[in-house]
Amino acid sequence: MPSRIISVIGGADSNPEILKLAEDIGAEIAKRGVALACGGMMGVMEASCRGAKEHGGVTIGILPSDSKEHANDYVDFAIPTGLGYSRNFIVAKTGDAVIAIDGSAGTLSEIAIAWFSDKVIVALASSGGWAEKLAGTQIDERRTDIVFSADSPKEALDIIFKELNWE
Amino acid sequence: MPSRIISVIGGADSNPEILKLAEDIGAEIAKRGVALACGGMMGVMEASCRGAKEHGGVTIGILPSDSKEHANDYVDFAIPTGLGYSRNFIVAKTGDAVIAIDGSAGTLSEIAIAWFSDKVIVALASSGGWAEKLAGTQIDERRTDIVFSADSPKEALDIIFKELNWE
Amino acid sequence: MPSRIISVIGGADSNPEILKLAEDIGAEIAKRGVALACGGMMGVMEASCRGAKEHGGVTIGILPSDSKEHANDYVDFAIPTGLGYSRNFIVAKTGDAVIAIDGSAGTLSEIAIAWFSDKVIVALASSGGWAEKLAGTQIDERRTDIVFSADSPKEALDIIFKELNWE
Amino acid sequence: MPSRIISVIGGADSNPEILKLAEDIGAEIAKRGVALACGGMMGVMEASCRGAKEHGGVTIGILPSDSKEHANDYVDFAIPTGLGYSRNFIVAKTGDAVIAIDGSAGTLSEIAIAWFSDKVIVALASSGGWAEKLAGTQIDERRTDIVFSADSPKEALDIIFKELNWE
């Protein structure tokens, strides 16, 4: 079985409070023995990678450009797709689950893609942006599942482990 | 200059009333001498292509599969991308502007992509789904532009022609 | 049924003699009532589009960038994929058949993709580059089909019409 | 700096002798402390991953489908792109260098992509298929670089380390 992976998605220019939350998410993912995937760039992406690396985790950065030099300093494995922002699809698909923090249109596209790819999605409830707007809601009213809402990194991981029957 | 193109995005399983609206959108696009691009499949995509063809328009279907046989009957030029739903990026980018009707998670991803690709986006106000939810709103609060809201195909096209300085 | 499309692939910096051949290919495609797809840029792509437009044809340019401004002047419908050179896949898949003229590594990737996508491939025999090297050969020795070799635009189109049972 | 990665490309249905060579390549990559990327499927891809895992290496499988279940048993990190064989682009770009063994049209497309992406390419000289055909040749005669030819896994890695100034 390939390694468990959680994708972290969110804003490239979030404020310090949100970045601290992203770092804590990365740390919690690493402590649970799960690899972290993200878009490999700045903001929430960089902060979550840093948190994971500080706790011995593994990080995968799925880049829009075709140069690894655009990866943040905490990316272990850089995937330089050369696809531009179409790489958002791969970010959303690479995680067994997706955690959303803050975020604007790019993050919104990733949440939507994760939804129709049937991923478990957890949004941090007080993190602002599209994560906060969609926490606890349905993307598609014809389905019964929701974007889960979590108040903390621990709760986000608890939800994912429960939904995916991870132990 | 390449031909003007408007992308129509929306649900694959909308109700008859919405499909009639999609057909009218396709007709209005054709009457104005603009080509129509869409995902090439069923529902809003097929209805809008049919409307365009009934009024002498040109239609482009950007398919997820790598077989042209999956195109609806009203597609003139089928682009079988083989990219799966990553083709949503190309649908959103091919239009000089995007018109959204109804729609679930797939349409939401296309609206988000169109937004960060700086396209003019018009949502049909009473068409249900994500088009209705986002009509008149901002996707990104740090920007001043909005998803335009239109009450009719004519109004949708009027907005696009004004915003793009088309005559 | 969607329109018949032939993709023309080849070098971006071919010499005048090759460009004249590309123009003649475009003209022959247009005269036969088939649409022409290509990468939308310079060299063989531009010359073949010009030939098609001079004979009333329709041209589709599948661009690597996400801006239509990069299309050559003879593209009717620009598809700004934003995928970089991954768009080569879409160029190879959009044609019902592919004609190769001259060409370096980019063209080689497109011939290989067209091959494993089971397209009819015709290479112009004396056009140089990878088209000339592969004309009349098998890409995969475990299969019986070959890259067809043609000495003229007319012969290239004759082969395609015969292989696809077009009339 | 992100981890060093070498992409291994080659046939999905090679014979046992070639698979043993692929396994040895994977082992040599692992012994040198480099991660291995590949298409994540069968044949040369699986054999090279197995060789890497038997020597404590790390493996990345970049899959055409959107399901990790299609990865071979020796993939650590599965990237389910959902892009079909357009994922070949990402395989070729993810490696700092590319090693080719045997291979048909898919491998040919990856060699061509690696070439125009300016990757160091090493082909195993007696491995059959396109690797053997292109070993020691130029893909583009207007450039001076070549597809390097190696007679053994050790020589392949020596070439890469020298060309990339790795120590």
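Going in written order, the chains are labelled A, B, C and D, and every chain counts its residues from 1.
Assume a residue touches a chain if its C-beta (ideal position, glycine included) is under 8 Å from a C-beta of that chain, and two chains touch if they have at least 3 such contacts.
Here the structure is a predicted model, which means the values were calculated and not measured.
A.B. asks: Weigh C-D against B-C on C-beta contact pairs and write down the one with more.
C.D. replies: B-C
A.B. asks: How far is the middle of subunit A from the middle of subunit C, if each middle is the mean of its Cα atoms, in Å?
C.D. replies: Here subunit A and subunit C have centroids separated by 41 Å.
A.B. asks: What whole-number Å value describes the gap between the mean CA coordinates of subunit B and subunit C?
C.D. replies: Each chain reduced to its C-alpha mean, subunit B and subunit C end up 29 Å apart.
A.B. asks: Quick one: which residues in subunit D touch 2 or more of the other chains?
C.D. replies: 66, 82-86, 89
A.B. asks: How is the touch graph of the chains shaped: line, ring, star, complete or other?
C.D. replies: Shape = complete; every chain linked to every other.
A.B. asks: For subunit C, which residues count as touching subunit A in their complex?
C.D. replies: Touching subunit A from subunit C are residues 66, 82-86.
A.B. asks: Okay, in this complex, where on subunit B does subunit C touch?
C.D. replies: Going by the criterion above, the answer is residues 2-3, 5, 35, 58, 60-62, 66, 68, 71, 75-83, 89-90, 93-94, 96, 117.
A.B. asks: Taking the complex as given, what residues does subunit C use to touch subunit D?
C.D. replies: Per the stated touch rule, the residues are 84-86, 89, 104-106, 108-109, 112-113, 115-116, 139-140, 142.
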